[in-house]
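Some structures are shown below for you to check.
In what follows, chain A forms one complex with chain B and a second complex with chain C.
What follows is the complex of A and B.
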């Protein structure tokens, strides 16, 4: 893992139009579309095709701009915006995607536990997460991070989160961090637009299209759990996960905040999060906290568990335990 | 009255043309940022706020400082400040406009900015900041314009404007308090999580703002036939002295708690800012410079003979402005993000396009101030001619 800033610098150079890279038609259309949406219907109807894009694309973007907050949408409105987003993904990137709007299941509260003894720092979880959640390959956005720790410590703050060598290393152990889905989340309180909230099944989600990109939530999070799209995310179409969720791994735009959702697109379908499934050592436990027979409940009842920065009172739904 | 801003000499128009040029350059850079994303700035996952938010924070203070003229005049009946209340109010208008613009250029998704008003979120401090800033902008334009219109007609300001003026006093305090609360209520950021944040903000505001006002008064005296007055400038100098000393005192209070308690999470931010952490510390020279400048300004300001000399006072004001600008416009925001909540050090430095956008916003603010000052001083000049 290279340090984030360094990578950002590289990208900036790649991004620079001063390098003489011609403006991509698609990118151009996209920004123009937004300007048009703001500028008014006159511009939109005035020049329908050619310069600004097809009438269809423009109509879709226009309607997308004026849609409401996801929390206030009726199911019919959700279906409509999903249809538009699927169509726009086809127009924009030439991919066929399916977006789900599946709601929380009653009687489910998701919880996560991390076995500090078992993890050997392979970071299979990190790459599985990147693929599953369609994270930006350009700035190498990652939701999950693994810290290499020396014995005698039990806090990632004292570990090394940027190691790049063969693992496991003698005399070290490993701890993973990601969004902890706090029950009393400082990030949610910070948001000035209600673009982020906690679902009844405990997942803290973001309505990407409602986010204004002020990044107050990033300042508020005590766990470094949120990520920002400094540019339009780049995902090779062949590597894209096509089964998506509106609140999860669907395609984000530049200037929007995103975060780990415990893979809402998978977990609400009864599957495990990608990081849990990918872990070769079985260090990651996931399940329903309200189900007494679940593995996560077994861990909480039979292991000695702890949480990070518990003194802040954010009540995370992510525990660490030691075998 | 606005037509008076369109009458001016060659110097006036050259100045305005320069500002427009810088604004244009900044706007082009912003268009680039709008198209490509905030990746063209020096911001990163670790330092997700930087120069823009720093400028915003600093300028909220400058705007709030208008109250340092309004309180003596309207509450304590200190008549001398009657000559310059309009200048303080119009400076506040320019500063708040810059604040709002800095927020706008910092947004990743500015086309959605109105979402803040679409579904009010009283739990978010940012929502309240939007309310108080816009309210303050409105109050100052409204009050300033009405008072000036009355003066132009040679009459007293209408009586119904008084409640608005009294309202503007707590409102000015509120804009900087709420801005401090933006930072002071976040559980994971030790650097900002301090009750002394709002008082510190206010004290730095009340030295930075009047300092700028003193410089503006001196410029007005040089470039127009209206003289804001020697007594007014010297009284402002006294206010700057008190506020600056208070600002440094509150900083020392902070240092005591942080370093006597020896809690690493609290110390690390200060260590980073002044000495560097894990071998990285590109802000250290600036931070030392900031407090060196403030110390020099205090020395100049507490010696009565120096403070009463307008030339030396102007120098002290420049020192104060630069010192507090580094401290609040840079150290405060970046220092809170380094080290990050996982205790990693990632440094930040603004990029050229970022700096040019910021410069464009400054130019916009100066243009607003120039236009309003042109109107105000012309009205004042005409008034004095009539009386003479």
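What follows is the complex of A and C.
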């Protein structure tokens, strides 16, 4: 909080007409009502900014604070909160965004395959993901990570992500990790507020506004798939992806956990995730697991595939394969 | 009289119960995404279920092979080549352009086929009809269907490309299948990707 704002709060308290007056019952009740209103407003707006700011902003923040979990919302409620979030983004950051609440497509289960033979470590997927998902530029949050590994290595923990030379290098292969959208996801079980769940199309998503930032999910995830916002994400408005999804790349706040959603804002419209589209080597295969004619099914049927830490029983929908 | 027979039955019932339970456990363990997708054998109806699928882009051409889902399309090549048609210069007429040397093929680096047995122009390009390619068997191939050329040697990649394990789809996972052509990603004259600097870096997994 800025010191100036803090001063405002104090000043208001000092200027309060209640100070130093003997109170009757009637005045007391009146003033408690006022204090409660002030307190509520301060709660919703962060110490008085709402009072100084517009009435509209205060109303929006109040309603946002008390909204329900996304899973329990009716479509009308979803539309309302989207309208509020779009308006708040305009007020806070001066950007015009469109948030979608598009649900899963019937008969779709998303699956992903990564070709470890073909990836050459150019990392174009990483930067495409950062741009698409409005990731924090200040702490350089990334969903996708690529590790340079020596032949014979299997564990990305021993891989080198900060390679600083031209790629590919002889005797090495490149392995990408991100959220694997497990069918039996441990992060979902760990969440105490039901802020994260599996959608019917297999995506594990987060309702950022229900996340309390306890980071249990991060501790539970064996694949290092989740990221925490230590500060309010910094995204230059001109670089922001304006087409957003409530469960995907909409703006997060400080103290909220986020993760890869296979670009829910794109994939539910039939488009490819940003990393797949950006990959210059075609190492990334994405598609519908329930569709026997899809590329992902071809890979699973005809290629040698493996999953990371399969023995944990998390049942990830992300396969590695070799040519 | 009844007690020994009951005991006898119990000896049968308990192992039977254990067997039934263990079978149940084993089968419940098989439930998982692998089982789920193996059960799904009906093709997905893209056109009906995905409402935002776009119509076919203009710069595509129907591939002369079929994949497991039927016909598919690939990106065209001829309209993206700088100096197509080749027969503008390569004809029986004399070349009368002043800067002929500049627009000749000095920029082409041929690094295809290995050091011991490098390819030459006429292995792929038809000598008489310069707008066309020609296979080893002498079949003329249009520039838009270059996969027929590449597939002669790179048959394994060609099979994967048709199925979907090599190459990539253009923009959409749903709808009509449009894939990149061989020459969309590879330079036919030196097909290996050049070494270059990575665009970003990744912190260790536990950070």
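As a convention for this text, the second predicted complex is superposed on the first by the 274 of 323 C-alpha atoms of A that agree within 3 Å, B and C clash if a C-alpha of one lies under 4 Å from a C-alpha of the other, contacts with A are read in each partner's own complex, and residues count from 1 in each chain.
Just so it is clear, a residue touches a chain if its C-beta (ideal position, glycine included) is under 8 Å from a C-beta of that chain, and two chains touch if they have at least 3 such contacts.
Keep in mind it's a predicted model, so treat the numbers as computed, not measured.
Novice: Answer with first, second, both or neither: which of chain B and chain C does A:108 touch in the superposed model?
Specialist: A:108 contacts chain C only, not chain B.
Novice: For A:214, decide between first (touching chain B), second (touching chain C), both and neither.
Specialist: A:214 sits against chain B, while chain C stays out of touch.
Novice: According to the stated criteria, A:163 is in contact with first (chain B), second (chain C), both, or neither; which is it?
Specialist: Once the two structures are laid over each other on A, A:163 reaches chain C alone.
Novice: Does the superposition put A:69 against chain B (first), chain C (second), both, or neither?
Specialist: In the superposition, A:69 contacts chain B only.
Novice: Considering only touches as defined above, state whether A:151 meets chain B (first), chain C (second), both or neither.
Specialist: A:151 sits against neither chain B nor chain C.
Novice: Determine, under the contact definition given at the top, whether A:255 touches first (chain B), second (chain C), both, or neither.
Specialist: First partner only.
Novice: What is the contact status of A:290 with respect to chain B (first) and chain C (second): first, second, both, or neither?
Specialist: second
Novice: Please work out whether A:312 is in contact with chain B alone, chain C alone, both, or neither, and reply first, second, both or neither.
Specialist: A:312: touches chain B, not chain C.
Novice: Once the shared chain is lined up, is A:231 touching chain B (first), chain C (second), both, or neither of them?
Specialist: In the superposed model, A:231 contacts chain B only, not chain C.
Novice: Residues on chain A in contact with chain B in one complex and with chain C in the other?
Specialist: Residues 145, 147, 156-157, 161-162, 177, 224 of chain A touch both chain B and chain C.
Novice: Touching chain B in the complex: which residues of chain A?
Specialist: Those in contact with chain B are residues 3-5, 8, 11-12, 15-17, 27, 31, 34, 37-38, 65, 69, 139, 145, 147, 156-158, 161-162, 177, 186, 189-195, 209-216, 218-224, 227-232, 253-257, 309, 312-314.
Novice: State the interface residues of chain B toward chain A in the complex, per the touch definition above.
Specialist: 32, 34-40, 43-46, 48-49, 103, 106-113, 115-116, 118-119, 121, 123-127, 130, 182-183, 186-189, 336-337, 340-344, 346-348, 351
Novice: Which of the residues in chain C come into contact with chain A in the complex?
Specialist: 32-33, 36-37, 40-46, 49-50, 52-53, 67-70, 160, 163-169, 171-175, 180, 185, 193, 195-206
Novice: Quick check on the complex: what are the chain A residues that touch chain C?
Specialist: Within the complex, chain A touches chain C at residues 105-109, 111, 115, 118, 120-124, 126-127, 130, 140, 142, 144-147, 156-157, 161-168, 177, 183-184, 202, 224, 267, 269-272, 276-277, 279-282, 284-300, 302-303, 315, 317, 321, 323.
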